[in-house]
Amino acid sequence: MWLRTRCDLTFAITVPTPFILMLRPRSGAQQWIAREEYRLTPSVPVCEFTDNYGNLCQRLVAPPGTFAVHTIAEVMTADCVDQAPGSPFVEIQNLPDSVLSYLLPSRYCESENFNEMAASITAGQLLGYDQVAAIENWLRSSIRYAPGSSDIPVSAIEVNSRQWGVCRDLSHLGIALCRSLSIPARLVVGFLYGLTPMDLHAWFEAYVAGRWYTFDATQAVLKGGYVAIGYGRDAADVAVYNQFGPPVIPIEQCVEVQIIDKEGY
Amino acid sequence: MWLRTRCDLTFAITVPTPFILMLRPRSGAQQWIAREEYRLTPSVPVCEFTDNYGNLCQRLVAPPGTFAVHTIAEVMTADCVDQAPGSPFVEIQNLPDSVLSYLLPSRYCESENFNEMAASITAGQLLGYDQVAAIENWLRSSIRYAPGSSDIPVSAIEVNSRQWGVCRDLSHLGIALCRSLSIPARLVVGFLYGLTPMDLHAWFEAYVAGRWYTFDATQAVLKGGYVAIGYGRDAADVAVYNQFGPPVIPIEQCVEVQIIDKEGY
Amino acid sequence: MWLRTRCDLTFAITVPTPFILMLRPRSGAQQWIAREEYRLTPSVPVCEFTDNYGNLCQRLVAPPGTFAVHTIAEVMTADCVDQAPGSPFVEIQNLPDSVLSYLLPSRYCESENFNEMAASITAGQLLGYDQVAAIENWLRSSIRYAPGSSDIPVSAIEVNSRQWGVCRDLSHLGIALCRSLSIPARLVVGFLYGLTPMDLHAWFEAYVAGRWYTFDATQAVLKGGYVAIGYGRDAADVAVYNQFGPPVIPIEQCVEVQIIDKEGY
Amino acid sequence: MWLRTRCDLTFAITVPTPFILMLRPRSGAQQWIAREEYRLTPSVPVCEFTDNYGNLCQRLVAPPGTFAVHTIAEVMTADCVDQAPGSPFVEIQNLPDSVLSYLLPSRYCESENFNEMAASITAGQLLGYDQVAAIENWLRSSIRYAPGSSDIPVSAIEVNSRQWGVCRDLSHLGIALCRSLSIPARLVVGFLYGLTPMDLHAWFEAYVAGRWYTFDATQAVLKGGYVAIGYGRDAADVAVYNQFGPPVIPIEQCVEVQIIDKEGY
């Protein structure tokens, strides 16, 4: 499926403000970026670097006044998400080195606190994919998905205690539960076609049977149409923007995902 | 100063247990490893890899029975720690890419919660080194150092609330305070000559004036004799050992740091 | 200066042919990619990865038939290239680790053979930038620039012996001469506004006074308008495409660089 | 098998001379370093870094006078080298990203010149391991192994033309032949137990069936007892020492490999 994604952020800046943006999707195993636009108004010098997780990050200093970031991407992504019931757990000693850090607790995923709960949720499941699917189902039925309800990330412990959250919160809890079972798990931030209401989205991936699989407890059924912008241990690693100095919030944020016709493309 | 460090850990293993150890100090800008021994009893296959922070990590599966790790290193390290009062803060836009992740909140350093407190502790200080020195002093006088009191890492928020902690806890709070001022800070785990009581140690580093500086609120005066084993955002990244499966704790742990004569070495 | 670059390559493929393409310019310290298009006809699955030099590379298998790659980028680049006469040589012990590999001989830059020649060309120059400028001048006056004359890379020794070459050949010789003076040097492949005849271009960079500087012996005067696609030790590392199996050459290659108006962009 | 390796190098230095040493073997999938010593006489400051190939490199400036490097390692290594006749060639599109650079021509392995020769040597072989084994056999019977005959690396083309060489030369030719068949190949420098005459050694590895396999045309039969110090594309990447400024050669070089008893170790 070919998608055109758009994310525009507008800020009212009062003092020169350093930003680190993460808004450029990368071509990877799961998606191909055929066209891309990244516009800053006003135009300012930008440096780009690749972070520890392979994400492309843009560094700049926003000048006082209205500062806007416009991004568009045309992306080929899978029509449906791979699912693999029954796929086995990978023993720790057989995990690739690069995956090991996704077993550790992180800022918003205090996995060391969820051992018993994860065992209980996944009781009777085959080790591996089915455990993660059971966690995803449990999140669906137990944690109320309340899109748009919160801007501030909260940690898995708090999500579990208050029983509701945005997409990022459900993912954090899912990740913490997976890691407590020694299943590597990571947060993905990006776009989802057909998301209601439309917004930036977050979901999680778990590593079983030698690869990463997508899970998303905010959707009743896993469909295709995901476009990833960034990967990390949790929301501390994958902020669409980090900003330093006096707090600045977007005065306008516009997110769109359209299906496009690229036959002959 | 030449030091011989020794760390022996003995575990009683009941089921085959995957471990990731971080017990091999690396030669770096601050220390030179002239001799090293790393012995496992019984001997088992080990793989070594370099993690995202440059630490050497050893992967193995410990077999049931008594399992012991013996490490010895002979290290040339600085006689005294560099200090640089007055050294300036580095503007975010001028920080090297590799340092940026040390500005973010992490598992045990919820830096986004300490803005006001950090501002108050460092009021009137020059931006940069002097702010960190003020934080270190505040930790010394406000948080009771209670070596050996705890094995479980707690986060900066909890350390601040209970007002006491082990070396790692004081460091976590120091790191969180630095980051809230946009000063990159990281945890270091290793050895300190003359530490009383002798044990593995943790301290922190802050990035000012273009390099990392050492800070340690557990010591009345900063002296030399530090040997670093691992660096990371906090204790989640730099565990001397991570172990998977049923919890295993050392039945014996022996740490020694001796001064040695290496003239003519 | 805002430029729109375009590179189209068309191949006649007879058997499924694995390709590694390097045709996606990256935003970096010197350039900002505001818009980009990367189209494959027919559309095939692509994986992208970052190589050891930080270049974005695209992997795919081209199917039998006509296979075309169309790339467009809109890039903000410097109006004029930084020059720094008198800038000092960096002592080996003070070079960043990441730069050291650019001191070594490589496939097309047999630097260990040019010690005397480099000493003679740069006699009397201040160590550093001025040595490289003398090398660039020597190349300009001694090696005939013959654009379009050759498709096969030849090494610095051969370029020096035959006394003519394409942009890549002049750069290889320049790089070999720099390295023989212990000045790190690397090849850059990309676009140059106003190049006659228009084509993909290659130039070199040398590391003096703590940063990389641009040199280009094919141009009488260094102007701005460079857009880098890839960096590496020499042409072995930075091929716009590597192809495996029976040799395939482009049946059509179109390169364009236009100046565009991006006021208000 | 447990081995104790020793390599001592002594230099007569006249002016302060920057060195990059590569003399610290790393624990990896194939070997475990249980004890290690790295002594410099006189003692000078050293920085260590990890190069692009994962090798540990030591940077220092040797002062005028006699300068000696003493290294000892106690290493567990395989009793016999894995061999896998019949193991399949990996299609380019299925190779891991990290292996791709070992397909490219490099300083001493001008692989693009050996297509026909490699096809002829491996005619009739199964694609993969058997091709490399045929190359190794061809080297054994066609290129005279003349240990100690040369200090200066020569390239595969020259080795092939003169029909004799040291271990490094045979490896370079083997690597060039493998790469011309699209089989990734790399040079390894290290120690070999029982090598006659004893010296530092070089061999090569080829990537087939999803992993690296060891090949060594200098030995009639592949046995165990290899200890790797460094990996790279060819000898340009894996020099035991690189030295800058006026040329310096060892006035003494001592290499030893002994079998040791580590039962109960």
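We just call them A, B, C and D in the order they show up, numbering each chain from 1.
Just so we're on the same page, a residue touches a chain if its C-beta (ideal position, glycine included) is under 8 Å from a C-beta of that chain, and two chains touch if they have at least 3 such contacts.
Computed from a predicted structure; not experimentally measured.
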item: Where chain A and chain C overlap in contact partners, by chain label; value: none
item: Of all other chains, the one whose Cα centre sits farthest from chain A; value: D
item: Interface numbering overlap (same over half, different under half) for chain C and chain D; value: same
item: Euclidean distance of C-alpha centroids - chain C vs chain D, Å; value: 30
item: Centroid distance [mean C-alpha coordinates] between chain D and chain A, Å; value: 43
item: Multi-chain contact residues (two or more partners), chain B; value: none
item: Residues on chain B engaged by chain A in the complex (per definition of touch); value: 18, 20, 49, 51-52, 57, 59-61, 91-93, 97, 100-101, 103-107, 110, 182, 236-237, 242, 244-245
item: Footprint of chain C on chain A - complex, ascending; value: 26-29, 32-39, 41, 43, 45-48, 50, 54, 56, 58, 76, 262, 264-265
